[in-house]
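The following pair of complexes shares a single chain, chain A, combined with chain B in the former and chain C in the latter.
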Partner chain A sequence: MKSLLGGGAAAAERRAELALRALAMGVLVVIAGIAITVFTKAWPSFAHNGIAWFGSGGDVDTQFNAMINGSRDPAHYVYHFRAWPLIWGTLLTSGLAVIFGMVISILAAVFVVELAPAQVKRAIDPVIRLLAGVPSVVYGLIGILAIAPWVEHHLISNQRKRSVEYVVQLTGANLSVATLILTVMIVPIMVAIIASALESVPRTWTEGSAALGVNRWRTTWRVSLRTVRPAIVAAAVLATARALGEAIMLAMVAGSRGFAPNPLDGVTFFFEPVRPLAATIIHYIDDLSIVPVAQTLYAMAAVLLVSCALLSLAGWAAKQPMKRYGIRA
Partner chain B sequence: MRTRTLTVSLIAALTLAVPAVAGARALLIDGSTSVFPLMTQLAAAYHKATKEPTPKVGQGTSDVGVSDVAAGRVDIGDVSRNPEEGDPKGLTFTKIARDGVCMITNPKNPIGNLNQQTVQAIFTGDVREWSEVPGAKISGPIDLVDRIASSGTQAAFQDIFLGEALKISPSAEAEESNGLVQNKVKTDEDAIGFVSFAFTSGVNAVGYQGIPCTLQNAKSGQYQGVRNFWMVTKGAPKGAAAKFIEWVTSSKNASARKIINSEWIAIH
Partner chain C sequence: MASAPQALPSPLLKPPAGTIRASGKRDSVSSWPLSDRVAYVLCWTVGIGLCVVAGAIVLFMFVKGLAYLRPSLLAEHPSPSQNQATSGGFLDPIEGTLLLTAVGIAIGAPVGVGLAVWMSEYQRPAWLARLVESGVEMIAGAPSVLLAMFGLVLFARPALAFLSQTSAGGSVFGRSFLTAGAMMSLLALPLVVASTREALMQVPGHVREASYALGKTKATTIRKVLLPSVRPSIANGVTLGVGRIVGDTAIVVVLLGATIRLEGAGGAPGLSTLRGTGGTLTSYVLFNSPAGEGNAHEKAYAAAFVLLLMVLALNVVVMRLNSSRASSGERLDKSSRWRALRGGLPWIR
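For the complex of A and B:
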């Protein structure tokens, strides 16, 4: 009886192990399938434009319209495309949001872990988790209905509009609003990661520092934050990945023009419209039945896929030298 | 024992489900956001009048309607522009109504009328200041609001107001639907855009060539900004789709005519 049960349990264990292995392999197969589909569909767009695909030249929306109004005959498909304004838009929105988000979330995490009284901490923790889970379309709605009209009425003067009116039209949906909302979106997740790492810094280390007469701020700065550097890198990587892939919110508030904001325009730069890659895919989703448009959108998806893969690789590489004394994350 | 309960409940569920499958499934319709308000009213009235299941109406753009019906994803596509050369072969366009396209401005800038020349100058980007537009009540740079390229309203606006040679300025911001244009113009004093007549509440509808953009003027034929609404099927309409289209277009059907004439123009 006993051996029978034991044998049954062992067999069940084996079966469970096999099932789990099959599931894990299944995930790998799905990922490989996605990558292969995206790259094969994207190939004609890259092949026709070559390396210039990534360059600048002309207006992306005019190029999309040429594809939409172009021939439906496969021999005469229009493929001309220069993606730089969209890539620049992606770099700008993600980069600025992660830089601002980094500063805010490190300070916020230090406050939550080191300074906040117990009751405040108890109240803040669930709020941060809740904010991290808010769907991006909600942020988009707040942006388009409240923030964008306010920015347009109060921050963009007619002189500013006139200064660039022959190049681009300034409205409330622009780089500054997109960056602001994106920052708000990625901060909670960064705070959560950095705070939990700060909490796991061994108490003896900070106490040791305090015993040597180092004040609280210096202890936090030189001991705690130094220890959690790998967690900070992990938070930055996760936040950048979220910012890169954010589509709906950015399609709603970043302006509906594929324009490359020009830093030489001074302050006006922050009020120029911008449309990152992911948001552009949403913008032209209605034209997916037009083959060259679909292939160009797949090409943008391929760029996003590769950047996310490179990003996690870079994050991993950056963490290696810090691991020795640090808290793993 | 448990297996038997399961089997019994499965069979019960199947017997319940079969009549629903055997009875007609609801028609699937999608396409133009301009046609959407009309189509949802027609679909509800059709269900009431004939006891057929209410057709399910989705939204995209006219080009989405055309490509979805050609690919067999829906039974009927709603299209708010005339058939084009690039459309897939073998589609049947059935005209169901006519619709006014109004230019709209913010209520703080209640322009009464624009003539063709001014409209063309504004939308091609030649004139970029409200102070240069006769009849404008504000001064400041003009915010042009366009629709995305797959929009039927954009195609119709292009045909009727601009003509073949002129193009809407690429600096205009392009919205995905009539509702978004309406919202944009409502919240932006400097904006001008164009929408289907059904989306003119809360904004100022601008007259064209001396004729106000009202339903009455569109019906009488005086207002020139009128385009056609189409229901598109793959091949000639048949089965449930044919029944619905026949119900919508029949000159004897008073309830459909009443709905169409409430904000659009019946074809009979």
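For the complex of A and C:
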């Protein structure tokens, strides 16, 4: 102890290291705390519903209302909950956005790295940074005030609205608008990952291809893009994690109704409202003082936490093959 | 999509004219097969399309913002009113944004720099370093609504009651600028860590050795040599962190109360506000959007415009910092211009 507190350069040295190590451990404790807290709070909801929590059955909003209006007596809490419409909504919005985003961002990354003239390259850099930096609430505002009304008036016919009016009301805030905006939100990140991988493809590889008389596009397509395939997978995975966690924008433009769109409805499917898990947490945040609601919301947070952690891991694993080529991207 | 390379000229044979570069003919798009040309055009379309989308967003917000923004809006306190004329401006949300950002960065920046220094200079024991690294990656990938939910449980503990208000019944409220700022610091943390660590790792080993050779200790070397040399990168990480905090809504909604006015907790003036609830520009926009209770388009647009201006200003700062980093001789490799975007997210390696 004396050596710790006493003067001298060696002791000061040791103190500095210990202080920093303590800081690192502190951060780690906070992170572990997040996981433990969320799961502890979530447990009653999972325990009461079992595996059926993830299943379908009934209307989630009705189930939430039952919890809100239910008994305040801990012995008679209402826990019945079937989260499938919300999970399905999450899968749909994230999945569709990532699929569209993937195509767009691969093409955009190739454009930025390989095709664009130097001046355009300089201009597109801030553009992508800007798209990544616009707050989600601004995206949501544009979506709900500009895009949703337009979609409602021009793309959804009255006939289509009437065809499902007994099941769900179609408005401008729906799956298609949510997917569109979510795509715009995740594209910059995917472009950044893919472009930085493309830039680190060894020049000799592409030069070798060019020397064989392969044209510029095919060199890119067959050599560069093939080399960065792991980065493309990583981009998709990490963009999915981002899309899963998007709450505010989706709470604004996805229709805010716990409805599971049915692909069998044809085109109408794209105009049906959804409400993903994260957006549902925001939707019911005012009822957090009601214990069963809170525990159900924490259960949803736990699902998000596990998914994001797994995706984070998958993204890391997906990039490992790049190291084999000696590419650090 | 089988590629059809032109016949390879054997070095012994006379090369057919026009197939090699030396002949002066360059690979031009017009000589490509149709499928390649289609793909080429698609790439240009998408690239230009992204610029158009970004331009459209900025233009739209400028048109709407300039149409509805009045100087008085910036100076008036908001008040809950259904009537547009009497619901006031958004002075409080602007103050809230600044205050929350200040709290978040005041916690996030030092912790982030400390972590980065430890991860790049000490990293002992190794298992702890690996754990911390994956931990930071996990925070970077975690949705902010999740951090907010965690914060609500954490700060509702009686032991942490001094950070927020306690109701008459004795239950701790857990919502305040201090608690929201603490969680916001977690949003900024990965960005600061990534940026600082990246720069520290690029400082050549001989710089450290030169300092040791002069008899300086490791701690002094870090403080006097390494940290000053990576200052632009720290600034870069902090700016990115500020951008993330300014733009976040979920934590404000869950952990700050998202009230339209700053509501102090009572007590000493400064501390009262810090312990009290409030809102930021983001929560004000949400409140005034059709999805919120205020539902006042004009105010939402005006506030969103101010928010966008802040983000644009931060973008300019980041670009300035990047160019100053490049000119100050810090070694920036080819892909470093993407690092700002990727920074702090799990794909930094």
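Operating definition for what follows: the second predicted complex is superposed on the first by the 301 of 329 C-alpha atoms of A that agree within 3 Å, B and C clash if a C-alpha of one lies under 4 Å from a C-alpha of the other, contacts with A are read in each partner's own complex, and residues count from 1 in each chain.
The rule is simple: a residue touches a chain if its C-beta (ideal position, glycine included) is under 8 Å from a C-beta of that chain, and two chains touch if they have at least 3 such contacts.
Note that this is a predicted model, so its numbers are computed, not measured.
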**Request:** Considering only the touch criterion stated at the top, classify A:276 as touching first (chain B), second (chain C), both, or neither.
**Result:** neither
**Message:** With both complexes superposed on chain A, which partner does A:287 reach: first (chain B), second (chain C), both or neither?
**Reply:** first
**Request:** Scan A:72 for contacts with chain B and chain C and give back first, second, both or neither.
**Result:** first
**Prompt:** So, does A:104 touch the first partner chain B, the second partner chain C, both, or neither?
**Reply:** second
**Asked** Of the partners chain B and chain C, which touch A:61 in the superposed model: first, second, both, neither?
**Response** first
**Asked** With the two structures laid over each other on chain A, which partner does A:256 touch: chain B (first), chain C (second), both, or neither?
**Response** both
**Message:** For A:162 in the superposed arrangement: first (chain B), second (chain C), both or neither?
**Reply:** first
**Message:** Looking at A:116, would you say it contacts chain B, chain C, both, or neither? Reply first, second, both or neither.
**Reply:** second
**Request:** Considering only touches as defined above, state whether A:238 meets chain B (first), chain C (second), both or neither.
**Result:** second
**Request:** Check whether chain B or chain C contacts more residues of chain A in the superposed model.
**Result:** C
**Asked** Do chain B and chain C touch any of the same residues on chain A, and if so, which?
**Response** 144, 256
**Fill in**
Residue positions on chain A within touch of chain C in the complex are 9, 12-13, 16-17, 19-21, 23-25, 27-28, 30-31, 33-34, 37-38, 41, 104, 107-108, 110-112, 115-116, 120, 123-138, 140-142, 144-146, 184, 187-189, 191-193, 195-197, 199-200, 210, 212-218, 221-222, 234, 238, 241-242, 244-248, 251-252, 256, 278, 281-282, 285, 288, 297-298, 301, 304-305, 308-309, 311-312, 315-316, 319, 328-329
**Item:** Partner chain A, residues of chain C touching it in the complex
**Value:** 1, 3, 5-6, 8, 19-20, 27, 31-32, 36, 39-40, 42-44, 46-47, 49-51, 53-55, 57-58, 60-61, 111, 114-115, 117-119, 122, 124, 128-129, 131-132, 135-139, 141-147, 149-150, 152-154, 186, 189, 217-219, 222, 243, 246-250, 253-254, 282, 285-286, 289-291, 297, 300-301, 304, 307-308, 311-312, 314-315, 318-319, 334-335, 337-342, 345-347, 349
**In the complex with chain A, residue positions of chain B that touch it** = 60-61, 63-64, 67-68, 70-71, 86, 88, 128-129, 140-141, 143-144, 148-150, 170-176, 183, 187-188, 190
**Complete:** Residue positions on chain A within touch of chain B in the complex are 59, 61-62, 64-65, 68-69, 72, 144, 149, 152, 158, 161-162, 165-169, 171-173, 255-257, 273, 283-284, 286-287, 289-290
